[in-house]
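Quick notes on the structure that follows.
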Amino acid sequence: MEHDDIIWEVKKEAIRSLVLSGKRMDGRDFYDYRPVEVKTNYVKRAEGSALVKLGKTQVLVGVKMDVGEPYQDTPNQGNLITNAEMVPIAAPIFTPGPPDENAIELARVVDRGIRESQMIDLEKLCVREGELVWNVIVDVHVLDYDGNLFDAAILGATAALHTTRIPKLEDDVIIYSEKKDPLPVRWAPISSTFVRIGDKDLLDPDLGEEKSMDGRLTLTIRDDGNLCAAQKGGVCAYKKEDVEKLFDIAVKKTGELRKKVIKK
Amino acid sequence: MEHDDIIWEVKKEAIRSLVLSGKRMDGRDFYDYRPVEVKTNYVKRAEGSALVKLGKTQVLVGVKMDVGEPYQDTPNQGNLITNAEMVPIAAPIFTPGPPDENAIELARVVDRGIRESQMIDLEKLCVREGELVWNVIVDVHVLDYDGNLFDAAILGATAALHTTRIPKLEDDVIIYSEKKDPLPVRWAPISSTFVRIGDKDLLDPDLGEEKSMDGRLTLTIRDDGNLCAAQKGGVCAYKKEDVEKLFDIAVKKTGELRKKVIKK
Amino acid sequence: MEHDDIIWEVKKEAIRSLVLSGKRMDGRDFYDYRPVEVKTNYVKRAEGSALVKLGKTQVLVGVKMDVGEPYQDTPNQGNLITNAEMVPIAAPIFTPGPPDENAIELARVVDRGIRESQMIDLEKLCVREGELVWNVIVDVHVLDYDGNLFDAAILGATAALHTTRIPKLEDDVIIYSEKKDPLPVRWAPISSTFVRIGDKDLLDPDLGEEKSMDGRLTLTIRDDGNLCAAQKGGVCAYKKEDVEKLFDIAVKKTGELRKKVIKK
Amino acid sequence: MKNPGIKLLDENGKRLDGRGLKELRPITIKAGVLDRADGSCYLEWGGNKVLAGVYGPREVIPRHLADPLKARVVYRYNLAPFSVDERARPGPSRRSIEISKVSREALEKAIFLEEFPKTQIDVYVEVLEAEAGTRCAALTAASVALADAGIPMRDLVTACAAGKIEGKIALDLMKEEDNYGEADFPIAIMPRTKEIVLMQMDGNFTREELTEALETAINGAMQVYELQKKALKERYKIEGE
Amino acid sequence: MKNPGIKLLDENGKRLDGRGLKELRPITIKAGVLDRADGSCYLEWGGNKVLAGVYGPREVIPRHLADPLKARVVYRYNLAPFSVDERARPGPSRRSIEISKVSREALEKAIFLEEFPKTQIDVYVEVLEAEAGTRCAALTAASVALADAGIPMRDLVTACAAGKIEGKIALDLMKEEDNYGEADFPIAIMPRTKEIVLMQMDGNFTREELTEALETAINGAMQVYELQKKALKERYKIEGE
Amino acid sequence: MKNPGIKLLDENGKRLDGRGLKELRPITIKAGVLDRADGSCYLEWGGNKVLAGVYGPREVIPRHLADPLKARVVYRYNLAPFSVDERARPGPSRRSIEISKVSREALEKAIFLEEFPKTQIDVYVEVLEAEAGTRCAALTAASVALADAGIPMRDLVTACAAGKIEGKIALDLMKEEDNYGEADFPIAIMPRTKEIVLMQMDGNFTREELTEALETAINGAMQVYELQKKALKERYKIEGE
C-alpha cells in the first residue's frame, strides 16, 4: 500500500471532478498522448531493445533470442515468449517477487498485440523443421511508473523488435557477439489505452488518473487500422457505441504515433 | 479455520456421545457405507474418468495418459503418477495453493492402492524398452467434501482406470482424439476407512464424524480379499485384535461395493 | 529469533568487554582454532564424506557424483556443484525451507574455495567431450551450530573430497554400489575465519563470539600459502594492513591444521 | 490464430458441428449442486463442463486485506488437470491468472460490494472439461452461483464470445474454430442494460467486423441470460416446494 | 513391489545378510549427542544412520497457530542429499511429507500435550544414511530425543517393520528385501500396552499373513524398546555423574 | 578462473581495450534520474549500465521485522533478463542473493542507521547491461542514490575491483579478463578513511599480489569517488537552480 493513502484520496477527488468538468490536471486534451521518447539499441548486449519514456513513465524492453525445439503443432515456426517485471525500483508499491496478476496481464496483453498482429514472420525463424527453431523472448522491464504501462510496453516491444538482429548460429551454438540479419517483422502494432472516469474516457492516463479511474480499455491497432488485440480492465462498463468510438480514436492516435516513432 | 468453531464444538460433543451409545447421526449402522453413485466417462476429453458421490461427498477422478522415458530400474514398464487436489470449491477450509499434507497423504494412499494391488499391467504399457513408455496420470479432484475422501477417491480411481482407453500413438505423437485399446487392468482395489471415536470404529465417516474422530484406519482390499495397502492416521491407537477385526469387515464391505459399482 | 534475546544482550556485553581486554570466554588465544576432529567415510552410501567437529559445532559434508552434459564453454570438464543446508536440528533459529542468504553465502564461499584453488582436476572428469561428464555435488549439512560454519564446512569439503571415490560407470549408467578410482585432487584448501570485535580479530569464533561480532573475514588458503578465496561479511571495516596481517596468520594456522587433519 | 488447414464452413455456410454462423452451442445450467458451498452452479456449454461455487460474504484472511468500505472479491478460474488433451499442470497458469482477474473485475461491477464491508466473497470455478469458451462458461456459471448464494447484484453477468472464421463473424467458437479461426472476442454484459463488463480480443477485426462482433456477442449473451434465469427459477421452485 | 530377480532366502532360510526371518539388524542408540537441541538421539539401524533433535516446548511461530489447550507438535523427517545412491534434492518430498505426518500423529498420542498449552514442540530427524526402514529408525530416535528433552510422555514410541519376502513374513526388511519383497509393513507401538500408533502397509497380505506380520512387528518393536531404555539409562548415568 | 585461450596483454602491456594495467574503464554517473524513487542514480561503467533507486526511510513491512534501535536496510541487486548474452531467468539467483547480502552489509557500515529506528531503507539496483564488474558498479550507484535520497551517511561507499591477468595485477577487469584471468578481487571502501567495507576474492594471490591488489583497488576506488562527488554536485546544482 502507498503510505500516503489519505493524500491520494484527496488527489483522486480533485482529479475526478476536474475530468468530469472536461479537463486534465496536466492540461492535455482527453485524447492526447504525453510526450513520447523512444531510444532503440539501448542495451547493446540484447538482440534488440528500446527505452520508452511516456511522460515520466519509463519502460525498458529487451529482446533476447535463443534456440529450442518447436511446438508439436507448429513444427516450422519460431516461438514468441513475453514476460513483464514490475521491479520494485519503479514504484513504492511494487515488491520483489514473482509477477503478480498485474504484471501477468501486462505481459499477456503485450504478447497478444505482437502475436495476433502477425508482426513477426515466425516461419522464417525455423532452423530445421520439427527440430530446431528460434525463440524470441521479449522482456518488459518497468523502470519508473507514472501510469499507462500498457501503451509504453507495447510501443517498446514494437520498437525493440523492429531493431532486433538475429545472432549467428554455428553448429547449433549461438555466437551472441555476432548479430546478423534483422528479425523479419511485417507490422508495427501500437496501442491506445483509455481510462474511464465517470462517463469520460482519457487516452494515456498518468498515475493519478489511473488511481482515479473506474476502469480502462486497451486497443492494439495494426498499421492497416485493424484491431489485433483488446483488453478491458477494472470496474467499469462500456456501451457498444463507446467501444466503437474509442476504436476510431485509437486508429487515429496510434497512426500518428507510429509515424513519429517507428523507423522502418 | 471454519468460522463456526463454537458450533462445531457443540456438534462434536453430540456426535461423540451418540456414537458412544452405539448410534450415528444419520441412522446408519457402524459398518455401512453411505449411498454410493459412480458415473464413469464423465469427462470425455480424459482417457478415463469417474464422478463418485459418497453421500454428499463428491470426487471426480480423471485419468490422462502421455508418453515418456521409463525409469532406469523398470525399463519395460509404464509409470503410474497420482495426484490429489483439494480445490477450494469443495470446503470452506480448503485454500488455493500447492497440495498440503492432507492432499499429499490422500494421493499417496490412492497411489499405493493402485500400485500395490498390481491393478494395472504396467509391462503392457511399454512402447520401446528403455526408451518410451506410457505414463498413467491419475488426478483426484475433490468437488464437495462431506467426509471420507479416501474411499471416494480410491473408488473413483478404480472406476476411472477400469474405463480408461489408451489414445492412438503415431510416430511417437499422441492423437488424443482417437482412443483405442482399454487400459490393461487386472484388479479392482477398494478401500474401507474406519474412524475411531473412543473405542468405536465407524465405516465411511461423514464430515461431522471425521471432525469428531480420534483417528482412522484405511484398508485397501483386492478382489481376492487380500490387503494391498493400509494407512493409519490421526491420534488414536489400535490393538492387534482391532486391526484384525476391521480387516474382516473391510473384506466383506469392499466386496459388496465392488459387486455393485465396478463393471468389468 | 532466539527466545532468550535479553540473556543474549547481557552475554554479548560480557563477551565484548572480555575480548576488548584481550581474552576469550573459553581461554583460547585469539588465533587458535578450537579442538578439531574429522571423521571421513562417515556415510558409506556417499562417494565421499566427512564429519567435522570444531568445538561443539558439527558439520557433515557428503559428496555425491552423477553424470550429465558439460557446459558449452567447458566441454571437456566435469562440474562442481555446492549446496549448504542449515537444517533446523542445528539451532533454534534455523527454520525449515529453502536456503536463506546465510546458507547461500556459506555454499558459495565453500564452492569458491574448492573451485578457485583448482583442487579438483575437472578435466579428468570428462567421460566423452561435449557429451558426458561427471558432476561432483558437495552437500554441506549443518548438524550442530556453535559458530564458524565457514571453516568447518570448508574443512569438511576438503576432507570429503580427498576421500571421494568415483563409482563405476557402465553403459552410461552409474553403479553406485561399486566405488572405483579416487577423485583426482591436487590441493587441500583450508580457511581461517576471523571475527572482528571492536579492533580485535579472533580466529574460529564460537556462537557467542559470532553473535557479538561486528563483522568477519574468511580467507581460504592453499597448500602453497596462496590465497584462493576471500569473503568479508557483517558490518565492519578493515584497513589494508588488517587484511595483510590476517592473511599471514591464516597461512600459518591453516598450514598447521592441514598437516593435522588431511591425509594425502 | 494459427494458419488455417481446415475448412470451417461448408458450402451451405454451416459450421463443423452443423450450426449456423449466429447459433450457440447447446447449453444447460443447474443451480445449487454443491452441499458445502454457499451457492453453486453446474453448467455445460458445448463440450465444456464447469462447476462454480461461492463462499461468503465471510471474514477476510489475512485480515489486513479487508476493505473497510466494501467486500473483497476473489475469483479463481481453475483448469482440472484432465480437462484438456495434454494434462494441465495443477495450480494457476499465467493464462488462468489473467482470466481470473478480468472475470473478477466484471463481477465487481455487478455485485453490491458496499453492502458487505470488511468481508470477502470467494468465487471458485472448476473447469472439469474444456472445449473453447471456458472463460465465458465459467463467468456465466459464477454469476448464477452468486445469485444462488443470495449475494445481492445489480444484474446477472452473462458472457458469450463472438469470433471470426473464414472471414465471417460467428457466434460462440468451438475448439477447431478457435484454433484455426481469425479472431476470438469474448465479452460479458449485464443483460438489463447490455453494458459490457468484460472484453478481450485477439485476432484481426476491421471497423465493420468489430461492430458486427459486438452485436453478435451481445445477442448471444442475451440468449444465455434466459437460460441463467430459467436455472435460478428452477432452483427457487425446488427450494420453495 | 518390483518383480523379484534376486533370491532373498538361501536354502537354510537365511537372509542375504545371514539373518533369520524374525531377526533384527544390529541397532545402536545414543541419547544426548547435540549441544544446541534440547534433546537429541543418534541411532544406527543396519545401514541407516539417523540423528534426531528436539526443541521445545517453545513459543509458537506464527502465533495464530498456537492451540490454547495443548502443545503443537512439528515433525520433520528429512533425507540428507547424500544419504541415498541418487542424490536426494534438498527440501521436503511428497514421501517425506507423508512420513512426517503419520510420525507426528504417532508421537501426539504419546506426549502429554495438554501440559504445554500454546507451545510448540519441534522434532527434527535427519536421515544421514538410508538403507530401508528409515521411517522406523527416525521415529524410534525421535521418541528417545523427546525423553532426553524431558518432555513428559505416556510411553516411549517404538517403531519396527515386518514384511514379506518369498512368501514368508520377515522382520525388519533390508534394502534388497524392500525392493524385491512382496510387502512392507511399518508400525509403531507404545510398548507398555503394545498399542499401535503408526501403521502403514503396501504389498499383499492374506488374513493369516496380516496376523503374523502384526505379531512379528510388535515383537521386533519390543526388542528395540529395550535398546531405547538402555540408551536413556546411560544418558542419565552420565548426566548424574 | 578458466584456462586462458586468449592473450590478454599485448607486447606493449596494453589490454584488449587498449587500457594500461592500472587504468579504469570510462565511467559516467548521473544522480536523480527517476521520478518515483526517493533517490536514484544511473551509472555506466565500461559496458555496464546500472540504475539504482532508493525508497525510504519508510514503514517496515511486515512490521515484526522492524528494529526498535535502527533502520533496516534492504538491498536488491537484480540482473535484467536481457542484460547478459544468455537470457537471465527473472528473480533472484544464488549469485545475486550473495551479492545483495555483502553489498547491504557494506552500506550498513556507512549509513547512520540509528537515526531512523523502526524504519526500512530499500535500495534497488537494476543491472540493465552487464559486462564484468556489475557488483561494483551497482554498489557505487547505490551509494549515490542514497545520497540523492538525503539519507545521512558517514561517507559514500565506493567500489572497484582489482584482478590478475597473465600474472599481473590489473585494475577493473573487463569481461574477457574476468573469464580468462587468474583472479578477481572486488572491494568497496569508505573513501575518507580508505577502510574496506566489502571484500571478496576468487582466484590465486601470493602475499605480494594481495598487497598490490589492495593498493590497486583502493586507488581505483578513489578515482571513482571523484566521479560520484561530481555527479552529486551536478545534481544539487540543478536542484538549486
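Going in written order, the chains are labelled A, B, C, D, E and F, and every chain counts its residues from 1.
We adopt the following convention: a residue touches a chain if its C-beta (ideal position, glycine included) is under 8 Å from a C-beta of that chain, and two chains touch if they have at least 3 such contacts.
Here the structure is a predicted model, which means the values were calculated and not measured.
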Request  = Please report how many Å separate the Cα centroid of chain A from that of chain D, as a whole number.
outcome  = 27
Query = Any idea how many Å lie between the Cα centroids of chain E and chain F?
reply = 51
Remark   = Distance between the CA centroids of chain B and chain F (whole Å) is 57
Ask   = Whole-Å distance, chain A centre to chain F centre, using C-alpha means?
value = 31
Request  = Check each residue of chain B and list the ones that touch at least two other chains.
outcome  = 99
Note = Going by residue number, chain E touches two or more other chains at none
Query = In graph terms, with chains as vertices and touches as edges, which category applies: line, ring, star, complete, or other?
reply = ring
Request  = Write down the ring's chain sequence, where chain A leads and chain D follows directly.
outcome  = A, D, B, E, C, F
Request  = Going by the contact rule at the top, pick out the chain E residues touching chain B in the complex.
outcome  = 1-2, 94-95, 97-98, 100-102, 105, 108-109, 185, 190, 193-207, 210-211, 214-215, 218
Inquiry  = Could you list, by residue number, the parts of chain A that touch chain F in their complex?
reply    = 3, 42-46, 49, 56, 58, 60, 62-64, 66, 83, 85, 87-92, 96, 98-99, 137, 139, 141, 143-146, 176-177
Note = In their shared complex, chain F is touched by residues of chain C numbered 73-74, 101, 104-105, 107-108, 112, 115-118, 215, 217, 222, 225-240, 243-244, 247-248, 251
Remark   = Residue positions on chain E within touch of chain C in the complex are 34-37, 40, 47, 49, 51-53, 55, 58-59, 76, 78, 80-87, 90-92, 122, 124-126, 128-131
